[in-house]
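Below you'll find the structures, each written out as structure tokens.
Both complexes below contain chain A, partnered by chain B and then by chain C.
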Partner chain A sequence: MTNVIQVAILGLLLGGVYALMAAGLTLAFGVMRIVNLAHAAFIIASAYISFFAFEQLGIDPLLSVVFVMPIMFFFGVAVYQVLFRRIEGSAKFGEMTVLLTFGIAIMVEGLLGFVFTGIYRKAQPGYANESFIVDGLFLPEGDILFIPKGQFYASLLSIVLLVGLWAFLRYSQTGYAIRATTQNRDAAEIVGVNVRRVSAISFGLSTALAGASGALMSYLFPFFPFRHWQWVAVLLALVVLGGMGSMKGAVIGALVLGVASSFVVDQIGPTWGPMTFYLALFLILLVRPQGLFGKEVPA
Partner chain B sequence: MIEDRAALGPDDSAPEPTEDEVQRPPGPARYRWYVLAAVVVALLALPLFRPVISSYNYVLTLGALILMWVAMSSSWNILGGYAGYISLGHSVFMGVGGYVAGVLLYYHGISPFLTALLGGLAAVALGFLAGFITLRTRGPAFIISTIALLFMFLLMTDNFEYLGGAAGLPLPPLPVSQEWLRVPFYYAMLFIAIGAVLTSYRVAHSKFGMGLRAISEDETKAEVAGVPTRLYKISAFAMSAFWVGVAGAIYGYSIAFIRPTVFFTIAISAQMVLMAIIGGKGTVAGPVVGAVLIYAINEMSLVVFGATEFNIVIQGTMLVAVLLFFPLGVVGTLRKMNRLPAFLNWD
Partner chain C sequence: MPILEITDVSAGYGAGPDILRGLSLEVEEAKSYCIIGPNGAGKSTLLKVIAGLLHPRSGDVVFRGESLAHRRPDQVLATGVCFVPQDQALFPEMSVRENLIMGAYLVKDRALIKERLARVYEMFPILAERAGQDAGKMSGGQQQMLAMGRALMIDPILLMLDEPTLGLAPQIAQQIFSQVEQLKSMGLTVVIIEQNAQRGLELADWGVVLDLGIVRFEGPSEGILEDPRVRELYLGKAAGSREKK
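Take a look at the complex of A and B:
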């Protein structure tokens, strides 16, 4: 029983981080119909920033969010203005964005490999290998639970950022415009929303979330440039599973699958963890092609 | 959402004529056959010039690889170009072909030259199965599920001992002396490339191909017009897997070592996509042109920059640039300008 709780806790902590990673991806799709295959490449690029800030300047990876997010925000706005503005309104926009971001991902991967080489990196702040230990409470005599500090802080930060994102979308003027654009781009434009500005800001927000995810990744998971394909496959599986563009779907999908993969790792073996996501994706496509919370088959 | 927006467009009311009905140049149709015949004869004769070619094995290896890419991007084009369903996981079929032939050789001693077609059929079977599931979605969700398919196979082959796991299976070499070793592989790849391009050509000029193009233009309209879209899409997926599987079987044998990362990596899929798009997706000649072009650029950047990651940057940049400025690719752009040489016009 204790083991089940332990595994579930680890899964939830992992799911919290996945939720943050997937939230940026789903935001870009929801608002602009951009399927960003480069999202994980941006995450890895941000992880390099946090990693070197820690190694060279001794800045804590959790703290580095403060500057990684703005950097990635402006980077995202620039990418949007330079690349995506050109293909706006083209036929097959959705497909174009996939191919375009595919190209961007390859570019980023190549540049990172060229500059930083392909070796594994992982920041090692003090708390990365420590755990909170829980005993007593409702647990049987002598059993204890481990809550890894690094993962705990990461999930906490993810929750703070996700709640912040939700509040921003819910209550701010810009957030209002973003949600209007998500619901109906043409109608939003007619009632006076500056759709292009909203799109640029949303894409910036999405890459800023990638930046925060990268800061967490820098000490949670070993990374190297080529790794981003594995990550983007998992994140995209999450996003399709939840229903493309549905923030709620992405977060719930991340938590559920985080726990599920944690049990798979515990019962079958660590290498099979990612399989949970892919299998879940195919199962959901068989049963409900539009995903858990999707309204329509995305075209 | 996108469809709604497209439906609001002004160009929606008039039925659009397909572009090759309007723009096919009435050029000399016969001389393109002579050019084609000359190319095929030259490729067939290449291994005979052994005394003249200084680095014989290198030239044949290079030739075999280019032919392999021609075959693979032409096959990808059936689904990605004609039907407009972009697969970023197509290297999965290469791996299936490679592993089927490799296992038969490793455990039963049957030569991949005999079992390559079997590898292709296995890829077709997987294509049907995967298409049945993944083609329940369209657009981005479909693309994503093809990536997931690829990673599933990477994980599975990584963890099955029978298939050698992540370390892979060493294959016994072909019992041919070193100096002639490359010749059978070259001819096999030539056969595969001709088969793949021929398949692509036949599909392009069939009712099936017409249906695929209709699906690519507007799936709902195609469905209404009576195209059995689901059957056609799944068939296109399976058909586009065949020659990729066959090529994988021969390729695995030619490198004498099969392991998951040789096949099940997105970089290989990326090449197929890149070649087809840069050459001109949806055209018969496009992937052929793209394969030769990209392979040449790749080799050159390796020579100039060495084995750094820089050639990856070049590939990514090319893909982005072509998408933004020449989305029709070489063949498509030339046709639009009415400058397409007749020997490249096979649509």
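Take a look at the complex of A and C:
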């Protein structure tokens, strides 16, 4: 029983981080219908910023969120203005964003490989290899639970950022405009929302979330430029499970798959961990293509 | 002195043909207009051009001396021109109250928003009763009232309604017509496209008949349907020629 709780806790902690990663991807799709295949490449790029801030300047990866997020926000706004604005009026906007972001991902990967080479990196702050130890409570005599500090802090920060994002979308005027544009772009225009401006801000927010995710990735997972392909597949599985464009769906999808993959790793083996995401992707596409909280698209 | 002048406007979608083909029209302040015409005449396209949702390929749209021809929808709305499209264009997962607040998106004064919200609730009591309900879960008639209420949140000078009674039961449609009457009495300039031409013309001061992207005929709405040219457009050449005989 203790082992089941232990595995579930580890899964939930990872799921919290996955939720932050997926939130940015689903935001870009929800507001602008951009399937951003470069999202994971932005996460890896941000991981490099945090990694070198830690290695060269001694700045804690968790603290680096303070500057990585604004940098990535403005980067995202610039990418939107320079690249996406050109194809905005296209009847095949959705399809073109796939090609465009695929190209951006390859460019980012190439650039990172050229500058930082392909070697594995991982920041090693003191807490990364420490754990909180829980005993007593409801546990049988002598049993203990390990809660890795690094994952715990990362998950906590993810929750803080996601709650902040939720409050921003719920209560700010720009948040109202983003939600309105997500639900009905034409209606948003009719009530006076400058949808181009809102789209640029939303894409900036999406890349800022990628920035925060990268800061966490810098010490949670080993990374190198090519790694983003594996991550983007995982993130797509999360948002498809939750329903493309649904923030609530992305968070729930991330937590569910975080726990599921954790059990697969424990019961079957680490090689099968990533398979959980791909299997979930296949199953959800077969059974409920619109995802758990997505809307059915009429044929 | 017209409040809105549309001069020789041509417009269409994407690379497609012109839907409006050199259309000209003048709209006087505090008057109501009913636009009728067969399917594909360009009625909805005309309102989209005025609202800034579609830019004209040529010609000009001037509202109170300002050209709207190449402005964004939010810039057009800021001048006091408000459009309620055929599908109401609501935010289905936002509450009724949030939808109404979105109607005042360009208004920065919170006290003013509150005041207008109270006015809309007074005019449409059902919206006050359903304030917390998601817009997507309301009936068709209630959604139409919400769309009209939302339009009033910006305190428009010119209100354009595209087939507000489309798909509604006659009794509900009658309620919508009554609300439009009320808006007219408030001194609002109203332009309405109505599938029920008879009822729409009863409501309006002026009738405008569109066909193939131009104004074919316009005049005082009383008796406009009796005009042989209008009958010909609606009922075919046979009816028109019978009338002429």
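Here is the rule we use: the second predicted complex is superposed on the first by the 296 of 299 C-alpha atoms of A that agree within 3 Å, B and C clash if a C-alpha of one lies under 4 Å from a C-alpha of the other, contacts with A are read in each partner's own complex, and residues count from 1 in each chain.
Going forward, contacts are C-beta pairs under 8 Å (C-beta built on N, C-alpha and C of every residue); 3 or more make two chains touch, one makes a residue touch a chain.
Since we're looking at a predicted model, the values are computed, not measured.
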{"item": "Which of chain B and chain C A:165 touches, first, second, both or neither", "value": "neither"}
{"item": "Touched partner set for A:281, first chain B, second chain C, both or neither", "value": "first"}
{"item": "Which superposed partner A:186 touches (first chain B, second chain C, both, neither)", "value": "both"}
{"item": "First (chain B), second (chain C), both or neither touched by A:91", "value": "both"}
{"item": "Partner chain(s) touched by A:177 [first = chain B, second = chain C, both, neither]", "value": "second"}
{"item": "First (chain B), second (chain C), both or neither touched by A:194", "value": "second"}
{"item": "Larger contact residue set on chain A - chain B or chain C", "value": "B"}
{"item": "First (chain B), second (chain C), both or neither touched by A:251", "value": "neither"}
{"item": "Contact residues common to both interfaces of chain A (with chain B and with chain C)", "value": "91, 186"}
{"item": "Touch list for chain B against partner chain A, complex", "value": "1-3, 5-6, 8, 84, 86, 88, 133-134, 136-141, 143-145, 147-152, 155, 158-159, 265-266, 270, 273, 277, 308-320, 323-324, 327"}
{"item": "Of all residues in chain C, those that touch chain A in their complex", "value": "14, 51, 53, 72-74, 77-78, 83-85, 89-94, 98, 101-103, 105-106, 150, 154"}
{"item": "Touch list for chain A against partner chain B, complex", "value": "29, 33, 35, 37, 83, 86-87, 90-100, 102-114, 118, 185-186, 225, 229-230, 232-233, 236-237, 239-240, 244, 269, 271-272, 274-275, 277-279, 281-282, 285-286, 289, 291, 296-299"}
{"item": "Footprint of chain C on chain A - complex, ascending", "value": "91, 173, 176-177, 179-180, 183-184, 186-194"}
